[in-house]
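Next come two complexes, and both contain chain A; in the first it sits with chain B, in the second with chain C.
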Partner chain A sequence: MIFFLETLIGGLLAGTMYSLVAIGFVLIFKASGVFNFAQGAMLLFSALTFVSLQEHGIPFLQSLLLTVVVIVIGAVAIERAVLRPLMNRSQITLFMATLGLSFILEGLAQGLMGAEVRALDLGIEDTPLMLGEVMVSQFDLVAASTAAVLVTVLALLFNKTHIGISLRAVADDTRAALSIGINLNRIWQIVWAVAGCAGLVAGLLWGARQGVQFSLSLVVLKALPVLIIGGFTSIGGAIVGGLIVGAAENLAEVYVGPSIGGGITPWFAYFLALVFLHVRPAGLFGERAIERV
Partner chain B sequence: MTPPPILQVDNIEVVYEQVILAVHGVSLSLAEGQIVALLGANGAGKSSTLKAISALVGAERGEVVAGRVLYRDEDVTRTAPDVLVRGGLVQVLEGRHCFGHLSVEENLLAGALAGRASRAAVQGELERIYRYFPRLKERRRSLAGYTSGGEQQMLAIGRALMAQPRVVLLDEPSMGLAPLIVDEIFDIVARLNVEQGVSFLLAEQNASVALRHANHAYILESGRVVAHGTAEALSARSDIHELYLGAGVAA
Partner chain C sequence: MNQLVHRLPKPFDNAPLEIVPHRVPWGLSGLAVFAFFAVPWLGSDYWLNAILIPFLVLSLAGLGLNLLTGYAGQTSVGAAGFMAVGAFATYGLLLRVPGLPLPVALIGGGLIAAAVGWVFGIPSARIKGFYLMVTTLAAQFFLEWVFTKFPWFYNNASSGTISAPRLELLGVDLSSPVGRYLLTLVTVALLTWVAVNLVRSQIGRNWMAIRDMDTAAAVIGIRVERDKRRAFAVSSFYLGIAGALWAFAYLGTASAGSFDINRSFQILFIIIIGGMGSIAGNFIGAAFISLLPIVLSYAGQALLGGSVDAGQIQNLQKMIFGTLIIWFLVKEPDGLVRLIASLREKLAVWPLRF
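== the complex of A and B ==
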C-alpha cells in the first residue's frame, strides 16, 4: 500500500511539472487561438538567459527580474514582427509562423549563449522527505507548490484585474472585444509576456532537474498529451491533465511495465492522449471542439 | 433645421477578401442627436456599412477601398477601432456577441476598458446603465451566456454605452426577439437618445419598428442606397413598402 501511495504521489508531483509547461500553451491558445509551437523555445531561451545572467555573477532576484524584462521585450517584438502582420490569417498560418519562430529562438539562444549543458542550482535539496511512512521527493514538492502559486497568481490576474477582464473578453469573443475598443495587439503582447513568464518558471524547474540545454525545448512534446487530456482552453485542465499524465505514467511503469518489458514512460502519455481523443476530443475541461494541429 | 452631422459617409465601397464587393458607393449622414435607420433585406450591405464606419471590417478581411467616413468632421476611414471607441463611436454587433463566460457586470466593465476611466467613474457609469436597464442589475452576477436573448441585447447595448459614446451603431437589435422585448429595447434606445443625447445609426430588417423611432432612414439594396428621406415620408410611400420593406409592414 505504501509503495502504491509513493508511486502515485511521486507521479502526481512529477505531473505538475508537465502542467507548468502546458499552462503557457493554454494562455496563448485561449487568447488568440494560436497553438504556439515556440513555447518550448521560449522556455529554453528564458532559462538560458537566466543561467547566463547568474554566471555573470548577478544575484538570483536581479537575474529573475532581468529575464522577465527580456521576456516582455521579446513578447512585444514577436507581436509586432510575427503576429500583427499575420492577423486574420488562418490558424495553420499562425501555427507555421510559431514553428518558424521556435527555430529562430533556439538559434538565437544557442548563438548568443552557447550550446553546452549548463547546471542550474535553485538551492532546492533533492533529498527525499518522509511524510508519515511515505517517501516524497522534496524537489517535486517544491515544483508542485510553485505550480500552485503560479495558478493562484494567474487566477487573481484573470478574475480580479481589468487586464484579466480584457483577456477573458478577447478569449471569449475576439470580434466583440474589438467592437468595444479593446486593443487586440496590446492583449496579445500581454498574453505572450505572461505565457513567457509561465515558461520561465517551467524552464527553471526543468532546467534545475535535467540541466539547461537544447533538449529543454523538447519538454513541450510532453505538454501535448497533457493538453489533449485537459483541454486546450482551461488552466485547470492543464493542471488536472498534468496530474493524470504524471500519475498514469508512474503507475503504468511500475505495475504494467514489468510484464511488457518496461520502458513505458516515454510513450504512455501519448497512448493515454489517443484514448482521450476517441472518448472526449475536447479534453476534460475543453470549452468547445477545437481545431487541432 | 437639422443639426450638423456628427457622422458622414461619403460614397464608400467595401470589398471582402479583395474580391467580394459588398457596398457600392453608399453615402449617408447622421445628424447629432438623431436616430437614423438603415433598412433593407438580408445581404443589402447594412452590416458592412456599419462595420466600415466602425473599422471592424478589417477583422473580417474586408476593406474600405473607396470613399471616406467623417466623424466630427475628421476623416476616420483608416482609424483603428479602439481609437474610434475612445473618440465616442461604438458599434453593437449583430447577434449581440456578449462575452458568454463573463458575468453580466464583467461584460459591462469590459465596455469601459477602452476609456481608461477611473474606478469611481466606471462605477458611476455602471449605475447609469443599471438605471436604464434594471433587468441587467438583477442579473449582474449571472454569466451572460445564461441570460435570455432580450437581456443579451440589452447587455450588448449597455456594454457599448459604458464607453460613453456620442454615436452608437446598432446592428439588428430586434433580431430573434419577441415583439414585446423589441418594443422595450427601442423605447430604451429612444430614451437614451433624448435624455443622453446619444445619436444612433441602426440597421434593421424590421422596418416598421425602426421607422417608428427613427428621424430619418436610408433604404439599401445590393449595396446601394435606393431611397432615403424622413421616417414619415418613407412610411407614407406605399411603393417602398411593397418593394423593400416587406408586406407585413403595411398591416
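== the complex of A and C ==
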C-alpha cells in the first residue's frame, strides 16, 4: 500500500512538470489558435541561454532577467516574421510554420551555445523527504509548488490586469476584440512572451533534473497527451491532465509494464489520451466545436 | 385527352466519358524513358545509391502521406511508423514464407501496413484536427516501441536490426545498385500511376470533399468515416511499401530507429515544400529535401573550407531548413509545384505580362 502511494504521489508530482510544459501550449493556443510545436525548442533555447549566462559568472537574478529580455525580443521577432505574414491562414499552416520555427530555434540554440550537456544547479536538494511513512522527492515538491505559483500568477494576470482581460477577449472572439480596438499583434507578442517565460520555468526545472541538453526539446512530446486529456484551451485542464498522465504513467510502468516488456512510458500517455478522446473528443475541459455548413 | 408530356432533352450521343482529357505529357514520357533506360547506364554507383534511390523512396513516402494529408485532409505525423510496419512485415514475409516472390512480399508488407493504418484511422471518426494529429503521434511511438521490444519482428537478432533478404525476381539478382534502382523505380512508377487514377476516381473526389469540409461532405452523402479510414489504409499501404524499399533497397540494414519521428517530419516537409494535394509535388519536394543537405554541405565545405566542424554545419542546415519552411508557407502555401507552374505561365507569355 505504501509502495502504491509512493508511486502515485511520485507520478502526480512528476505530472506537474508535464503541466508546466503544457501551460505554455495552452496560452498560445487560446490567444492565437496556433498549436505551437516550437514550445519545446523555446524551452531548450531559454534554458540554454540561462545556463550560458550563469557560466559567464552572471548571478542568478540578473541571468534570469536577461533571459526574460531575450524571450521578449524573441516573441516580438516571431510575431513579426512568422505570425503576422501568416494571419488568417489555416491552423495546420500555422502549425507547420511552428515546426519550421522549432528547427530554427534548435539550430540557433545549439549553434550559439553548444550541444554538450550542461549541468544546472538551482540549489534545490534532491533528497527524499519522509511524510509519515511515504517517501517523497523534495525536488518534485518544489516543482509542484512552482507550478502552483505559476498558475496563480497567470490567473491573476488574466483576471485582474488590463492586458489579461484583453487576452481573454481575443481568445473569446478575435473579431469582436479587434473591433473594439484591441491591438491583436501586441496581444500575440505578449502571449508568446508569457508562454516563453512559462517555458523558461519548465525548462529550468526539467534542466535541473536531467541536464540542459537537446533532449529538453523533446519534452514537448510528453506534453501533447496532457493537452489532449485536458483540452487545448484550458489551463486548469493542463494541470489536471498533467496530474492524470503523471500518475497513470508511473502506475502503469510499475504495475503493467513488466508483463508486456517494460519501457512503455514513451507511448502509454498517448494511449491514455486516445482512450480519453474516445469518450470526450475535445478533452476534459476543451471547448466543443460547433460546425456550420 | 391532351397529355402533357414533359420531355427531357435528349442525351448527347457523344457525351464525353472523360471530364478532363487525360494524356501523358511528352516531357513526362521522355523523363520516364530517360529514367528507365539512360540512368542505369549513365549513373554512377554513388548517384544511384546515395541520391536517386533515396529520392525515389522518399517521393513514394511523400505520395503516401499526401494521399492522407493533402487529399483527405487528415494531418499525420506518424508516417514513419507505418513505414516501419511495411519494412518489418516484408522482412517477416520473406523470412518465414520460403519461396515467396519479392513483389508479393512487398505487396503483402504494404497490405499489413494498410491494416495497421486502418486501425489507427478508427479514431478519425470522432476526432479532428490537432487532436487527431496527436493520435498519429501515438501510432508513431507505439509502433517504434513494438519493433524495438519484441525480438520476433527482427528474428531475434542481437543487434535489433533487419537486413535485406534475398532481393531477386525470377532468378535475376537485384542486389546491385542498378538492380535496386530499377526495383525502386518500377515500384514507384506503378504506384504513382495508381495514385494518379485514384485521386481522379470517386474515392479521391470524396477525400477532397472531406478535406475541404467534412461536415459538408457528410451532408451531401459521402460516408465520411468510412472514407477517412480508407484514406488511412491506402496511405499506409504506400508508406509501408516505401518503408520496405527504404530498408532494403536503400539502407540495406534497418532498425526501428531508422523510422523515428524525424523521418515522419521529413516526409511531412516533403509534402509541404513540394505541394499538398499534388502528385508531382511529392517528387519535387523529395528532390528538394534529399538534395538540400548535399548542396549545403558542399557549399559549407567550399565557403568555409574545413574550418567549421560538422556539428555547426548541421545546426546551420537546420536553421536554413526551418527558414525555408516558413518562407514557403508565407510565400507559396501550395508549394514548389505551384511555384514552377506559375513560372511556366509567366515564361509562356514572356516578355509580356498578364
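Simple rule for what comes next: the second predicted complex is superposed on the first by the 288 of 293 C-alpha atoms of A that agree within 3 Å, B and C clash if a C-alpha of one lies under 4 Å from a C-alpha of the other, contacts with A are read in each partner's own complex, and residues count from 1 in each chain.
Definition applied: a residue touches a chain if its C-beta (ideal position, glycine included) is under 8 Å from a C-beta of that chain, and two chains touch if they have at least 3 such contacts.
Computed from a predicted structure; not experimentally measured.
In the superposition on chain A, A:F95 contacts chain C only, with no contact to chain B. Touch criterion met: A:G111 reaches chain C, while chain B stays clear of it. The larger set of touched chain A residues comes from C, when the choice is between chain B and chain C.
Of the two partner chains, chain B is the only one touched by A:I182; chain C is not. Looking at the shared chain after the overlay, A:A81 reaches chain C, while chain B stays out of its contact range. Contacts of A:L224 after superposition on the shared chain: chain C is touched, whereas chain B is not. By the touch criterion defined above, A:R209 lies against neither chain B nor chain C after alignment on the C-alpha atoms of chain A. When the two complexes are laid over each other on chain A, chain A has no residue in contact with both chain B and chain C. Every residue of chain C that touches chain A in the complex is listed here, in rising order: 75, 123, 126-131, 133-135, 137-138, 141-142, 144-145, 148-150, 213, 215-216, 219, 261, 265, 268-269, 272, 311-312, 315-319, 321-326, 329-330, 333.
By the touch criterion stated above, chain A contacts chain B in their complex at residues 88, 162, 165-166, 168-169, 171-183, 287. Those residues of chain B that touch chain A in the complex are listed here as 54, 56, 58-61, 80-82, 84-86, 90-93, 97-102, 106-107, 109-111, 113-115, 159-160, 162-163.
Residue ranges on chain A touching chain C, taken from their complex, read 35, 81-82, 85-86, 89, 91-93, 95-97, 99-108, 110-111, 115, 221, 224-225, 227-228, 232, 261-264, 266-267, 270-271, 273-274, 277-278, 281-283, 289, 291-293.
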